[in-house]
Structures are given as C-alpha cells and as structure tokens.
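Each chain carries a letter (A, B, C, D, E and F) given by its place in the written order, and its residues are counted from 1.
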Amino acid sequence: MFALTVRDHIMVAHSFRGEIFGPAQRLHGATFVVDLELRRAALDADGLIADIGALTQLLQEVLRPLNYRNLDEVPEFAGKNTTTEFLALVIYERVRQRILEGALGSDKGSGFHSLRVNLGESHVAWASYEGPVRA
Amino acid sequence: MFALTVRDHIMVAHSFRGEIFGPAQRLHGATFVVDLELRRAALDADGLIADIGALTQLLQEVLRPLNYRNLDEVPEFAGKNTTTEFLALVIYERVRQRILEGALGSDKGSGFHSLRVNLGESHVAWASYEGPVRA
Amino acid sequence: MFALTVRDHIMVAHSFRGEIFGPAQRLHGATFVVDLELRRAALDADGLIADIGALTQLLQEVLRPLNYRNLDEVPEFAGKNTTTEFLALVIYERVRQRILEGALGSDKGSGFHSLRVNLGESHVAWASYEGPVRA
Amino acid sequence: MFALTVRDHIMVAHSFRGEIFGPAQRLHGATFVVDLELRRAALDADGLIADIGALTQLLQEVLRPLNYRNLDEVPEFAGKNTTTEFLALVIYERVRQRILEGALGSDKGSGFHSLRVNLGESHVAWASYEGPVRA
Amino acid sequence: MFALTVRDHIMVAHSFRGEIFGPAQRLHGATFVVDLELRRAALDADGLIADIGALTQLLQEVLRPLNYRNLDEVPEFAGKNTTTEFLALVIYERVRQRILEGALGSDKGSGFHSLRVNLGESHVAWASYEGPVRA
Amino acid sequence: MFALTVRDHIMVAHSFRGEIFGPAQRLHGATFVVDLELRRAALDADGLIADIGALTQLLQEVLRPLNYRNLDEVPEFAGKNTTTEFLALVIYERVRQRILEGALGSDKGSGFHSLRVNLGESHVAWASYEGPVRA
C-alpha cells in the first residue's frame, strides 16, 4: 500500500461544554497542524498516488472556511464540541466528498483506498481519523 | 477509526546481555520519548476518544516507576533485555491494565479498540508495540 | 556562554485590530509552543545554569494565567494586539520579574545573563524576544 | 505487533515527464529523509525485533547506490518517473530482497511481518510504501 | 530584540567542483528547508516585527527563481559551488535587497536590525548566514 | 556570519549529587542529541565553512569515548555532576582542541570564529555552550 501526506494548518477559537473539559470550557483557541494522508494500492500512469499540487490545494480549500474562525459560531457545529478528534472527522468527510466529486481527477477517487487526517494541537498531543475513500 | 496520542518521556539507565549488543552491553542510558496512542471506533457523548487530561495522567503514572531508574535493578525485568521494543510492550501492558481497571472511565475500556506505544530513543531510531485494549 | 531551554505551551483565542491582519481580524486562536531559554556565563556549584525543575515550574506559573483564555478579554492587554512577538515580550517580562523576586534562587538572578522566549505558532512561523535578566 | 524504525537520507537529482508535474519537469533535486520500519509479531531471544546496528547498515547499503546521483541516468529507472512514492517502493523491494538473502540473520526474514518505507521530501510532504517481508 | 521567522522550501539539483566534495562532485540534489528570521529592536504600531503574510510572500518570491532548478545552469552562480552556506548568503542578499526596495513597507527596512537565513539540508545538517538589514 | 551545524547523539548513564536533583540523584540515563555549530565570517575557497564530512567525523570522534558509558565511572568527571550544560562545555572544549590540532585543516582553526554545542535531552529540554575557537 502506498501513502502520500501533505501538511497545512489552521488557527481557530472555540470552547467546550462539559465538566470534563475543565478550563477548556472557556473560550480559547488552537493551531491545528493538519496532515492529510491519501492511500492507494497501485500508482497511476505518472508514477503517482495523486498530484501533490492538487492534493495540497484540496487540503487548503477544505481548511479555508475553518481558518481564522471562532468555531462556536459556525452553524454546522452547533451543539457539538469541536474537539481535535471531531475536527479530524469533519476534515476527512470534506476531503472525501471533494475527491468523490472529482477534485483529484476524473476517476473520482475510484483508485484510492483510504484517507487519514491527523491534527497536531501541540508538541505533546494530536488526534486523527481514518476511513475509506469509497464506502 | 479515531486515534488520540499524548507524549511524555523517561530517562533510564540499563545494559544489555548478548554479543549482538556490542558496546551497549556496557551500562549506558537513554531518554525515551513515549507516545501513547489510543484508538476508538466512535467518539463518546462529549465528542472525545478519551479525556486528554486523564490520558496524559495515566501515561505519567505508568512511566513514574520507570523514570530515573537503572532498569538493571528493577526486579520484574530480571533476566530480560530492556530493549526499546521490550519497554514499548511493558508500557502497553501497564496502560492496558489501568484502562481495564477503569482509569479512563467507568466503562473500563469497553469503547476502546487498541493502543500503540512508541518509544523514540534518538532522532534516528524508535520502536513501538500495538495491540488491543480488550483481548 | 551557557544556555538552558525548557518547553511548554498555551492555547488561546484572540483577534487583531488593523487592516494589515486580514482574516486574523476575526476572533480566532493559536497554540503557542513556548521555549524559555536562560543564559548564564558560568555554572553554579551544582554544575547547573538553573534547576530545570524550578525553571519548568516557573514557566508553567507564568503561562497559567494566559492559558485557555480569550486574550481580547484580559484587562492588561486592552488596546493591544496580542501578536506572537508581543506575547513573547510579555512572557519575557513576567519570567524576568519572577527571577528578580527569587523564583530561581536567593541570588535573585544575579548570576544570569539573559533570557530568550520563543513562541511557535505553527510549523512554519515563530517569534521571539530576548533581553537581559538584570537591566 | 512490534515495529522498529531507523532513519537515514539521500540527496538526488531527477526530473519528471508529464504535464501534471509543472515546473518539476525541469531537472531539480531532493533530500529524502528515509524511515525504514520493520514489523514483527514477537521479539527474538535477545528481546529484539532486529539488531538495530544491522538494520541501520542494511538501510545504508540499500541507499548508497542511489545517493548523490542523477536518477535520470540510472539505467533501471529508464522510462520511469522517480517520484517519492515510486522510490519508496524501490527501497522497500531492495530492503526486502536483502532480508530474504539473510542480511538480518540466518532465518532470512521468516520471523518478520512487514516493512514500511517512508520518504520525507520536505517539512510539508512525504510518501511511503508498505508491504510484507514474505509474499 | 524581537525576531520573527517564517519557513518555506526549495528543491534543486547541483554538483560541486573540488576533491573535498567526494561523491557530491556528481550531479545530485537537495531539498532546502529555508527559515528566514527578521530581527527588530521595537515593535511597530500594530504590535508587529513585520506583516507575517508579507514576509512569507517575500521569501516565496526570492525562492521562486531558485526552485525546481539545476543550479549548475544558473548564470549568476557560474564558477561557484552552490553549497548550503553559499545559498544562505545568496538568499540573505536577495531578501535584504527586497526589503531595502520597500517589500516590507515604505520605511524600506529602516526599522529592522538584521536577518538570518538558515537552510536545512537534511535531519542532521543545516547552514545559515546572518547579517544586517542596513549596512 | 556563517554557521554550519551537524547532528549526532550519545546514550549515557549517570547520577547527580545534591538534593536539588531530586530523583535524578539515582542512577539513570539520557540520550543526548548533540548539535555542533561552527561559525565563520567568510567562506573558504571551496565555498565552505568547513568540509561537512570532516565536521561530522570530528563530532563522532569526540562523542565516541562518551557513548554507551556510565559517566559516573569516567575518571575525568570524578567529583563533577555531568549535567547537560556541563557536557555541552566538555564537548565544546574537546571539539575546539581537535580543531586547534588541525582536524578541520592545516590552518588549525584560524579561519573559524566560534562554536556552539547543544545537547537535547528530551523533547522539552536542551542546553548549550558557546565560545570562541581561538582564545
């Protein structure tokens, strides 16, 4: 199995609801360093998993609406705790949707195996979600 | 699959028995940067894999009896080479035991899938063990 | 010249005023990985620049009132842009003050030369302030 | 499952054929930081996945004929794009072959499970190939 | 003294002349991870050393003509060994020239103290040049 | 000013005397990732600060007698706490001596400005010593 990873980042504010979160119930923020890993069983005719430029641009486009935001005010996250692991899932789903729509080529992801999205929140903690490209 | 990782470290002395170890047969030491990864198929009601504070504390508690020790003098390692990969297994087993005892909540780990413990021994070498939380 | 550095981090929300900041004028956030470097011309009688445990604790204490905060609501920052470089200066000043009050020993910093505080805001950007311990 | 990883690097020139590569169609180059991960279900009698010295030497020997080369002039790569992911496969195959020939011991790899080769091409991109040691 | 650093990278081919270079006399290549550090004694009215977006863009523009190139064919490097340290100086000079021309604002660098350019060539080697912004 | 840095590491055991060291008074150990930085005002005729191969070899030779040792039993450290900062000084002195003896060329260091030796003891702490090559 092959895998290609590209890295970008977002800077967001948010707060959490639930006693378990302690001081993180207050409005605070995070830099999330986002690693997007795309897996594929065989290389394409160019010797690639995917065009690294296209993959980098896809990640940027998925991250743009989240970047420089207070996630507490983003309507689709209403009633949710935007934890690191939750955001990893959200980014996975949005990247996957874009691939199925053809963002990485006309085969719409039929050659891809799976995705893994990892969010580094500090030098001592990170969280990820991985799942298939096609159900 | 979701995964959450936290990082800590220990500083230990030890020596190895066996010609294959060359100069590492002498008493020497290591800093092990320890990454504990906990995997789970679905998030809990708070949107979490586990409370990151509780996971960090669990790792600290498991590492404390190993830290600032000469592992050659630790009774339970008698007759064993405390290699990086062996210590990854030891830490996995101790973390797993603590989870089964309820350290990460009253469900005693029933929601968790697996653990991975990675020990970085330098900028050019690391070793890990991964296995299930429940047998 | 000797130098000792310890690392910790904070997670904050803030916004900036001024057109130059573009989308960062919106409420957003950051993880700042904070490196505190303490410089000294000669080692003390124990062979140390400073007790690393005491230096780590000092940094934690200085960071605690900033951590998990919306810096826009912190009274002493009113009317200021809490940029990465500005926060490096703030942390420098507070660490320096604590040293002068004796946090690292009864000599109240007379043996120390200078401090450098670096804040990593992402994998591609960081900012620092350095200055003397004694004026 | 246990895993042991060692790190080395190569510095190569190459160019790519195909419009998708844009400016990378020109002769350029890369430092590839190569991580070789070897997996094994159980430790050997010494408490090891493999002798770390032997694994490091095996990686060096596999990398040597690639290092300080213009890959466009390497006969076995004629007609191929030597992309990061393609090179990960090449290094995997060569490491695997050496293990099957006995480079890590007389059991010729019968105890090993799988290999993963990761090539870091920059601080924001990397690619890997993983596969079995024995077919 | 304040300092702000931004990171980018280039991927180049080159060869060296001189026996001291051994196998690096052959055409090979490198990824250089480039850190540009800008120092300033006092913050500007916005609380900044410089606009991080403008500094990032300035570095990109200086790196663009070097990226994806065979440096052996770049006319201005004829007769020179494009070593890591030499390239650090080249990038320093070009960044400095752009600052003096006003790339970071109408004051044309009068507020800046010095620059440091560091090029990481691998996980085990890097080189830098530092010098003043104004002579 | 130019600077060239190379990285290597040692794995040692030691203990400290003095109540300030707490649990580190017990025999324990450390991996020290050692960065050797050599500074020079102008490049040599080859476009170099120093031959990177020679600098890497010099560092290896200086580290070899320390590696895989219990520093408590090294005669020249008798009565000393082999703290991270103390070891940075020791390595600086030994590298400097080797340069003055001609290890980096027949000019015996007359072209060099200064050295900085940094020892990383974990992902959250490091210490360094810097000083001139010629007194």
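One rule holds for everything that comes next: a residue touches a chain if its C-beta (ideal position, glycine included) is under 8 Å from a C-beta of that chain, and two chains touch if they have at least 3 such contacts.
A quick note: this is a predicted structure, and the numbers were derived from the prediction, not measured.
When the partners of subunit A are compared with those of subunit F, the chains appearing in both lists are B, C. Where the sister copies subunit C and subunit E meet, the same residue numbers recur on both sides for under half of the interface positions. Matching the C-alpha atoms of subunit A with those of subunit B calls for a turn of 120 degrees, to the nearest 5. Centroids built from CA atoms put subunit C at 31 Å from subunit A.
Multi-chain contact residues of subunit B (touching two or more other chains): 7, 123-124.
Residues of subunit F that touch subunit B in their complex: 7, 9, 11-14, 23-24, 26-33, 67-70, 121-124. Chain contact summary for the complex, subunit C toward subunit F: residues 1-8, 43, 46-49, 51-53, 56. Those residues of subunit D whose C-beta lies close enough to touch subunit A in the complex are 16, 18, 20-22, 80-86, 88-89, 123-131.
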